[in-house]
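Order as written gives the chain letters A, B, C and D; numbering starts at 1 within each chain.
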Amino acid sequence: MSKLCSLAEAISRYVHDGDLVYLAGFTHLIPFAAGHEIIRQGRKDLVLARATPDLIYDQMAAAGCARKIIFSYMGNPGVGSLKVLRRLLEAGRLEWEEYSHFGMITRLQAGASGLPFLPMNPTAATDLEQANPLYRRVTDPYSGREVIVVPPLQPDVAVIHVQRADARGNAHIWGIIGEQKEAAFAARRVIITAEEIVSEEVIRSDPNRTLIPEFIVDAVCHVPYCAHPSYTQGYYDRDNAFYLQWDEISETESAVQAYLNEWIFGVPDRNAYWEKLGAETHARLHVAPRLSHPVNYGAY
Amino acid sequence: MTELWTASELMTINAARLLRDGDVVFVGVGLPNLACNLARRTHAPNLYMIYEAGVIGARPNRLPLSIGDPTLVSGAAAVCSMYDIFTLYLQRGNVDVGFLGGAQIDRYGNINATVIGEYTHPRVRLPGSGGSMEIAAWANRCYIITPHQKRRFPERVDFCTSAGFLSGKGERQAAGVRGSGPQAVVTNLGILEPDENGELILTALHPGATLADARENTGWPLRTAAELKETVPPSAEELRILREELDPQGIYLK
Amino acid sequence: MSKLCSLAEAISRYVHDGDLVYLAGFTHLIPFAAGHEIIRQGRKDLVLARATPDLIYDQMAAAGCARKIIFSYMGNPGVGSLKVLRRLLEAGRLEWEEYSHFGMITRLQAGASGLPFLPMNPTAATDLEQANPLYRRVTDPYSGREVIVVPPLQPDVAVIHVQRADARGNAHIWGIIGEQKEAAFAARRVIITAEEIVSEEVIRSDPNRTLIPEFIVDAVCHVPYCAHPSYTQGYYDRDNAFYLQWDEISETESAVQAYLNEWIFGVPDRNAYWEKLGAETHARLHVAPRLSHPVNYGAY
Amino acid sequence: MTELWTASELMTINAARLLRDGDVVFVGVGLPNLACNLARRTHAPNLYMIYEAGVIGARPNRLPLSIGDPTLVSGAAAVCSMYDIFTLYLQRGNVDVGFLGGAQIDRYGNINATVIGEYTHPRVRLPGSGGSMEIAAWANRCYIITPHQKRRFPERVDFCTSAGFLSGKGERQAAGVRGSGPQAVVTNLGILEPDENGELILTALHPGATLADARENTGWPLRTAAELKETVPPSAEELRILREELDPQGIYLK
């Protein structure tokens, strides 16, 4: 059964006010287009969860979509601060819940596994544990020593960007895979955005590459360049210049609102956004091919 | 201080020299990445670089500008999930060296990358732990590269994001974490190392730097090793590799 | 640094009397050649751990290598009993320790993760839990309900068969991946056997396919057809006829010893074993190619 | 009983009819595999087959002869690790249907696949749980296909490898497992289903089988449903698919 639909339809159908939303991807494959569409559709009171909020949650918070943020590293990767989120936190205008990367990812793994908690070895750094009551301790029944545990995180909806998927939602991902699989299995609803929609035959030629199977997927959207200014391995480069530029834009509320008006509210969809970026940016982000050696599954 | 090299170059070169051939290193971008690549091109050709984004044995063709730069992936030996990198690699004890950084490093090597002021009412909200809470605990050895400034070296961190020796080596040992903690802090003035109680003391000065400089820029009464060494000046070859091969545009080494 | 050596050298160097040994592979990629070499070298008092002992542990037990077996399904897959092991257990002549598949695999996952235990949801079937004191219970600190936990399994040595590896031990695996990765990371020493030794360039053309990285590997052995009568996806088929034949052979001790004499002690290595199988078997197990579509990593 | 079909064919066809279109089924080899493939070719074209070996959405080109047959992999939708199949798929609640089997099934649908006699001194040592302990607990619905013989249907299993309703539905509910337990046992004589207390009662007989047959071959006083049904005989099309397409060599259906 095909689950193909437009990104606008998918967001409208599966992302609701007040939802706990996980836009997945560690630096790689961040579904910016989905964040922009959520902004355009004016969602409110979202709980935004991501290990690294990155620019996309800075933008969504600036647009007023967020009630709370759950994170483990609130920086502009390779640049510095996420200034919108930082201002909101320093002003007490946004709730937050904080983990280390491992704590955050362990919450997703527990959520994806259907477990009530998962353990981690102690780190001796207890300040965050004291600040966040969802960190707990459990006694190892074998040694009598303590481990740190976190509860499952099960987002209402996860958006997962992938290189290629078939129309049913079986998805191939390569390059940095971060927490894509765990977020998809943890979530109650899953939206796949894909650079390419391919035939089942392409997916089924390499089943070990499929991280997400169709039957946990609700919608499949064909969204080329979805990840810009993040990137899609093999398809286009990370726009490091824009990450630097955001550091300037996000200095002032007015520049941020001007950006939202021009680049989010001012365009109908990702196609228009990509066209607006222009030929020079397209050329700058272009990448030459470097193909994997195929493997032989055998015609059994 | 002579101007034959920048402070960043000096710190990077001295950090590189701390690495041993065959070390498996959990690398961040910026100076730690440059230090590792310099070590690989000099005394540690078998240094093995892994990244918290899940990239193993990276061989970047260009200078990576973020922890998830695609050049780290193309041509790498392996890529795995974040859950795997923190469990199978770090928690399992497969990582020899971790690099750490933060806004504050205190007398016992504890690091604050979370908040200046009160946690619930932050004066300055910093990015937070990321991978560093677990790296500081479970990597066999940790190194810190940081400019030597009084505000960066308080007596006690406002918030302990990553454990050094807490209030002394005994307390870290009692906590039962597997790693041996911070082994050196490389600054633009010299090198600090933990004494037998885990207190950071000055063990070496860079050429031209003075003990007075170091004391003035440290927020606790800085003690020195019985024998205070002077670091070997950067060699022409080390500087050449950094400037010509690793960061020709001077993105990190300005 | 190359870790290439013969399988005989690797077994001699890394498998010791009394070791806890894990020959990995769920139906697929079972390193029969390594088991046969362990038999030839006369190892004693081994603790043999595998989710599915399969014929290889039946043979190793028959050869007197084993003191104890740790398992979760002691059958001849698709056929019936493992008659040697069954006789030994019924006669009280072999120690055993038993789990469900999930319990067994969870032990490996805990061992691979460096954790003192991992939880599983309760199954309501408590007889095995009562029979095996290593199953314990822990209270979930969030709900107050109980979970079942198992401790880590960290074999002294694991043997992992793979399709292709480079000389340093970076290994590509596809098809059923079972517990290969977990067993390798859990073990103190790792021997890789590979159908093909390939250049670094082949491995590094597809880093997402690498399940095992070089720095946890101690030895790399080039052993084509290592898995027969199990199989290697894309390289040769499973020898179902032999699985049926073993059901007959294993009826009597004398037939088993005759088999060991002819097919293990009677051949010096896997090459000779494969040649001895003969052209008809080679033809029967041959498989036509079916290649994966390559993916593009990009020349960044 | 008529000889228009074998007992295996009869059980497979009746098991296939229990599957619903869109079900995600945790499949074993042998009769459950045939039942699923038959359902896909008749009333349940969107049946989704996953295997404990970690194969998702298999489309085998030949009859799989083991749970890890390579024909399950070539052309499958996805392959994952065993840890993933038991966590992300089964424990997470993504499996609608599991098939179970064993040497003994008791009055309350508990299954023994471990041992006849005492656990520590086995009279007959059976293979053990494999995946079935967790499938029985966490799949939404479970089905059992087994020949109807007195020794296979004791009042109480010697060893409870997989939980049915324990000593009654209340006890299973109190144990807090997510799955609803065994929903039907398909035998060569008819179909048993749990009553409101979880006791297996006879709800249908196959054409030609009698209540006396069933009672004689059951190890407890077998009760019947208020309205005892007769199953619809295998259709020509069902038999044709089984014999010509799915198991032409009669490996499982003899």
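The rule is simple: a residue touches a chain if its C-beta (ideal position, glycine included) is under 8 Å from a C-beta of that chain, and two chains touch if they have at least 3 such contacts.
The shown structure was predicted, so the numbers you read here are calculated from the model rather than taken from an experiment.
Peer 1: For the chain pairs A-D and C-D, which is connected through the larger number of C-beta pairs in contact?
Peer 2: So, comparing the two chain pairs, more contacts are at C-D.
Peer 1: Name the chain whose C-alpha centroid is farthest from the C-alpha centroid of chain C.
Peer 2: Greatest centre separation from chain C goes to chain B.
Peer 1: So the centre of each chain is just the mean of its C-alpha atoms; given that, what is the distance between chain A and chain C in Å?
Peer 2: Roughly 37 Å, centre to centre.
Peer 1: Report, in whole Å, the distance between the mean C-alpha point of chain C and the mean C-alpha point of chain D.
Peer 2: Taking the mean C-alpha position of each chain, the two centres sit 28 Å apart.
Peer 1: Based only on mean CA positions, could you tell me how far chain B sits from chain D in angstrom?
Peer 2: Distance between chain centres, rounded to whole Å: 58 Å.
Peer 1: When the C-alpha atoms of chain A and chain D are each averaged to a single point, how far apart are the two points in Å?
Peer 2: 40
Peer 1: Return the residues of chain C touching two or more other chains; collapse runs of consecutive numbers into ranges.
Peer 2: Each of 114-115, 120-121, 145, 174-175, 177, 181, 208, 233, 237, 287, 290, 297-300 in chain C touches at least two other chains.
Peer 1: Among the residues of chain D, which are close enough to touch at least two other chains?
Peer 2: Residues 55, 69-70, 73-74, 79, 91, 138, 178 of chain D each touch two or more of the other chains.
Peer 1: In the complex formed with chain D, which residues of chain A make contact?
Peer 2: For this pair, the touching residues of chain A are 1, 112-115, 170, 181, 185, 200, 203-204, 207-208, 210-216, 297-300.
Peer 1: Applying the document's contact rule, which stretches of chain D touch chain A when the two form their complex?
Peer 2: So the residues of chain D in touch with chain A come to 24, 46, 48, 55-57, 59, 61-62, 69-71, 73-79, 87-88, 91-94, 138, 178.
Peer 1: Residue numbers of chain A touching chain B in their complex, please.
Peer 2: It is residues 26-28, 51-52, 71-75, 77-78, 81-82, 86, 89-90, 92, 98-103, 105-106, 108-109, 120-128, 131, 145, 174-182, 231, 233, 237-238, 240, 243, 287, 290 of chain A that touch chain B.
Peer 1: In the complex of these two chains, what residues of chain D are touching chain C?
Peer 2: 29-30, 52-55, 65-70, 73-74, 79-83, 86, 90-91, 110, 114, 119-125, 127-134, 136-138, 159-163, 166, 171-172, 175-178
Peer 1: For chain C, which residues are in contact with chain A within the complex?
Peer 2: Listed in rising order, the residues of chain C that touch chain A are 114-121, 136-143, 145, 147, 149, 151, 163, 172, 174-175, 177, 202, 205-206, 208-209, 233-235, 237, 287-300.
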